[in-house]
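Heads up, the next two complexes both have chain A, just with different partners, chain B and then chain C.
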Partner chain A sequence: MPEATDKVERVVREALKIACPDIGIVDGNTHLASELGLDSAQVMDMIMEIEDRLDISIPVAAIAEAHTLNDLCNSVRRVAGEA
Partner chain B sequence: MDLRLAVFPTLTEALDYAAQGQTGFNYYNGRGDLTTVLPYSELRERARALGRRLQGLGRGARVALVAHTHPDFMVMFYACQYAALVPVPLPAAIHLGGHEAYVRHLRQMVSDCKAAAAFATSDFIDLLREAATGLPVQITGTLADFDQLPDHAQLPEPPRADELAYLQYTSGSTRFPRGTMITQASVMHNLEAIFNHGFRLTQEDRFFSWLPYYHDMGLVGIVLGCMATQRSVDFLGSREFAMRPRLWLKLMSQNRATISFSPPFGYALAARRITPKDTESLDLSAWRVAGVGAEMIHPEWLEAFATALKPAGFKPSAFLPSYGMAECALAVSFATVGAGMQIDSVDGDLLSDTAEAKPYVEGAPTRRKDFVSCGPPLPGFEVEVRAEDGQLLPERRVGRIHLRSPSVMNGYYNAPEPTAEVLSADRWLNTGDLGYFANGVLYLTGRAKDLLIINGRNIWPQDLESLAELQPEVRPTDASAFSVSGSDGTEVAVLVVQVRENDPREQAELADRLHEAISQEFGIRCLIELVPPHTLPRTSSGKLSRRGTRKDFLDRHDEERIREAAYLRFLVSDGGRRPVAA
Partner chain C sequence: MSLLDKFAPLAELRGALAASGSVPSVATPMDEIHSATEGTIDGRRVLFAGTNNYLGLTFDPECQRAAIEAVEKLGTGTTGSRMASGNYAGHRALEREFAAAFNWPAAIVFSTGYQANLGAISALAGQDEYLLIDADSHASIHDACRLSLATTIRFRHNDPENLARRLERLGENARRTLVVVESLYSVLGDRAPLKEFVEVTQRHGAMIIVDEAHSFGMYGPKGLGICAEMGLLDRVDFVVGTFSKSLGGVGGFCVSRHREFDLLRLGSRPYIFTASPPPPVIAAARAALQRLLKGDDLRTQLWRNIERFNSAVTRLGYRTGTQDPGPVTALVFSERSEAIAHWQGLLDAGIYTNLMVPPATPAGLYIVRISLSAAHTDAQITRMIEAFEGLSSRLRPAA
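For the complex of A and B:
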C-alpha cells in the first residue's frame, strides 16, 4: 500500500475518534451512520477534522456517497488527489 | 438614503429601492474569508437581465431552486421575481451516504410544484439532474445554463400584490410535501410588521446569518427581510457553520454585526465549542438582537451561551424569543426587544392534570414548569387559544393556537384537503401548536400535531414509519414514531416496530437497516424498539395511536433506561412493562 493512502486512512480514523471519542475498533466496512450511530453533528465534526488535517475541502457529493469508513477514505482520497 | 422598513407592495419594488443604496450581501467561506460581495444594486441589475431570459417559462410558472447559500441563488430568486415567476427554494442538505434519499426527496418536490425549470449551483447540479430525470421540467441547470436562454427585449409586467411571491416546502413531510403559497401582499405584510413592531431597525443595523435559505427564518427573515429594509448581511453557509460554529461569533465580532437569529440548538452548538481563549479575542458588544425561534426554547441552552460569551461582551438581554411558521410567511410574535428571556413559572402538576397554567408559588409541593414568553402577537394578527371542541379559552388555559392575518398563506400548493385541514373558510389557521396567553403575552407549551422537531428541523412521524414499512418483514401499520425528551432537553426520535421475527440476529439486522435508512434520510439517531405483534395501541376506529404508543413506551422504560438506550442500537421488548433484553 502506498504511503499516501495510509495517511488518508489514518487521518479519517483520527477524525472519527475525535468526533466520537468512545468508539471502539472500527472495521473498514462498518456503516458509519447505522452501525456506529453517528448523527449529523458528529459527521460534521469528523469532516471538519479531515478537512483541517489534510487542508482540503470535501464537497457535499462526496459525503452523499459515503456509507462505510472505506467509502469515506476513497472519497477523501479522490478529493485530495491521492486516488 | 432614507431607511424604508419593508413598506413596499411587492418584492421587486423593495429591491428597486434597495438598489439605490450601498448595502447588500457578503459571502464568507469556511475559513472566514470574504469570497463574494453582492450589493443590492448589482443584484437588481443581474436579476433583471436574467429575468428577461426566464420570462419565456410563462407568468406564474414554478422554478425550483436548490437553496445553497450562494450568490447565484440570490440572482435566480430575484430574477424569478422580475420575470413574475414563482421561485421554490428546495433543501440543500445531504446526510452521510444520503445520495438516494436526497434525490428522492428533491424529486418529490420538483414534481409536486410542477416546476417548469430547476436550478442548482455546481455542488448540487448532478443530484438535481438525477432528481428531475423524466419529469416535465423544461430546463435544469446552473446559472450559466440559464444565461444561455434567449433574451427578450423587455421584462413582463412586475408581479402584482395578489400574485405568489414563492412556494415554501418547510411544512410538509418528505413523502407528502406541502408547499405553502405566499403572495407578495402576505410576505410584505409580515415583513412590515416584523421590522417595525417586532424589532425596529436603524441605519446602523447589520445582520449576520448562517440560516439555510430553504428555511423560513433564513429565506423570509434574511434573504427577503434584509433586502426589504436595505440592511447588509454577512452570510456563512449552514454546513460551514455546523462544522465551525465559532466562525459565527468571529465574523460577528469582526464586522460589528448587530442582529443574528438562530434556533436554540445553534446557540447550544456554539456554546459547546467556545473556549475561554476564543472569547478573549471576541467583541460581541454590538450584538443587540440575538433572535431565537423555530423550535421550543430551552432557557438553559441560551443561558449556557450567555455565560460562555459574557467575557466577550454578549448581553443576555439581547435574546429575542419569537414564534412563527412558514404558513404565515414567518413570524406571529416577538418578545420585548432588550428584555431578554422572560420566564413564566407555572404549577406543572396542575398543568398536566387540568391544562391550567397557574403561576407557581415558591415552596409549593408541586412541580415547577418554566415557559418562555414569545411576546404579544404582531399588529394585524388575531390570535386565539381554543379548546379541542373549538371553544375560546380564557387566559392561562392551554389550548390550540389559531390565528388570522393578512400574512397567512393562500393554502398548500395543489393540495385542497391538507389545506382544508389547517385553514378554515373564514381564513383562520390552525397552527397545531399548544400554548396559553398570560397578560396578553403568548407562551408556547407543546404541539397538538404529531411532529418531531430535531435540531430545528421538522420531521413527520409518517416518514419514519414509512421507512420501517418499506422493510420486507414489517407490515403496514406495524410502526409508530414519536419523540421523547432526552437528558439535555433535546427531542429524541423513537420508532416502535412490531416484528414477528424472534431470531436475535435477524432482529439486529432489521435494526441496522432501519438505522441506515433513517440516517440517510434525516441524519438523526433514532431509538428503535422491536415489540411483538398486537403491542401498538389503536384508537376506537382502529387507527394507530402515536400518543398511546408513546405513553406505553414511557411506561415500559424508565427515564434512565431511555437515556442509556439512546446509545444502544435498539431495544427488544415483550410489550409489557419491563424490557426483557437489549
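For the complex of A and C:
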C-alpha cells in the first residue's frame, strides 16, 4: 500500500488490511465495494476498527456516501474534527 | 445503463445459491402445508426444521377457530388505519392483553413485526437524539434508523463495554439516546448480555428497547421472554416483538413500562399510514397469546426437543453459532459449498432447513439454520437426528 499521509489515513488503511488481509496496493480512489469486493458487513467491521483506534463514534449517515478509500478518510476526518 | 442493470449481480448470487438439485434454497416454493411441521416441496413431503413456528400454533384449533369466527363476524380486512376506521375492539383488547401480561401500562399493536421496530424506534428517537444499535441488528432495526431523524451509531455485537464507550463519548447527549438490542439473534442463535446492557444504559441515563422476536413465547415465566426470565422488566424501557413466530400469525407489538409510550401512536408513521391487521389475524393472535400464557406445556416440549437435537449435533462434531442451545441452531461452515451440500442433503432426506450466506450473516459465515418447534414430535426429532447422522458420515462437518 502507498504510505499514509496522516493519522486518519494510516488508521483507515490498517482497518482495511484487517478487513481484507490479502489486499495489495490500494489507491485512494479504489472503490471499496466494486473493486475490493467488500460487502456491507466487512465495511461495518472496518468502521468499528477505525472507531476503536481513533476513539470516535462514526454515525452511520456520515459514511453512507463513502465509496472509495479517500471518501472514507474524508468522512472520518470530518467526524474526528480534523477536516 | 438501465435502472434494472444493478440487479445483475443478484441473479448471479441466486444462481450460485441454487443447490445441485432442482429446489432453490432462496424463496423455496412451499407447494402444500399439511401441519405446523410438515409440507410438500417439489412433490416431496418434508419435515419443517426451518420455520419460526416455535410453538406450533399455526394449526392450534383454538387459534384457527378464533380466526374463522372473526372472518365470519367482522370480515376479511379493516380497510383502514388504526387512526381512521381500522381501530376495532379486537385491536384494543389485544393491546390491553399484552400490557396486562407484562404488567406494564402501555402496549401498541403494529401490522407486522417489521413495522413494530420501524414504528417504535423511528418515533422514539428523533431529531437531535441518538440511536445506539448492535452491529448485528435485524434489517428492521437498520431500516427504523434510516426512517428516524436521530443520529445512528453502531456498537460491536454483544459488547457492553463497546456500548459504554459510545455512551461516554456522547456525554450529556446520552440522556437523549435509545439503545437497541435483540435478546436472541436469529442468525447464530446467540443471546445478548442483557443485564450488562441494561446496567450500562441506566448508568448513562439512556433508555433501552429489547427486540424479543425470537424469544417471546419460549423464555421466562409465562413465555414473556428473556427480559422476564432475567428479572429485568422493571429496568428495561420497551420490549418489541412479533406475532409471526411463537404466536403463529402476523403482526407486531411494543410494550412499555412508561405510560407516555401510548402517545407514540399519534406520531409513528409506520403505525399511522398503514391498514390495521385484519380481524382474523387479531383474533388468532389473541387466542395464541392466551394459549402461550396458559401454561408451560408447549415450552416444555420445545425445550425437550432443543436438548435432544443439540446434544446430537454436538456429538456429531458440528460447529454451532452459540454454546447456549435455544430454538435456533446455526450450523456454521467456512465454505459455501459445504453449507449448500448440507442444505441439499437434508432436503433430499426430507428435512427443510434455511441456508444463509454473506452478507446476510455475520463474519462471512455460511450457515444452515435449524429452528425447532413444540409441535415436533419425538419421532420427528429422531428423524432429524438420523438425517444428520447419515449426512455427517458422508460430508465432513467443519472443524
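Criterion: the second predicted complex is superposed on the first by the 78 of 83 C-alpha atoms of A that agree within 3 Å, B and C clash if a C-alpha of one lies under 4 Å from a C-alpha of the other, contacts with A are read in each partner's own complex, and residues count from 1 in each chain.
Here, a residue touches a chain if its C-beta (ideal position, glycine included) is under 8 Å from a C-beta of that chain, and two chains touch if they have at least 3 such contacts.
This one's a predicted model, so the numbers in the text were calculated from it and none came from an experiment.
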Combined model on chain A: chain C and chain B, fit or clash: clash
Superposed model, chain A: greater residue contact from chain B or chain C: B
Which superposed partner A:L32 touches (first chain B, second chain C, both, neither): first
Touching partner for A:D71 - first (chain B), second (chain C), both, neither: first
Contacts of A:I56 with chain B and chain C, given as first, second, both or neither: second
Contacts of A:M48 with chain B and chain C, given as first, second, both or neither: both
Partner chain(s) touched by A:S40 [first = chain B, second = chain C, both, neither]: both
Stretch in clash, chain B with chain C, out of 169-177, 205-213 or 421-429: 205-213
Footprint overlap on chain A, where chain B in one structure and chain C in the other make contact: 39-41, 44, 47-48, 57, 59-61
Chain B partner contacts - residues on chain A that touch it in the complex: 31-35, 37-41, 43-45, 47-48, 51, 57, 59-61, 63-67, 71
Residues of chain B defined as touching chain A within the complex: 30, 92, 94-99, 102, 123-124, 126-127, 239, 242-244, 269, 455, 512-516, 519-520, 523-525, 567, 569
Residues of chain A touching chain C in the complex: 39-42, 44, 47-48, 52, 55-61
For the chain C and chain A complex, residues of the former touching the latter: 135, 145, 151-154, 156, 162, 165-166, 169-170, 358-359, 361-364
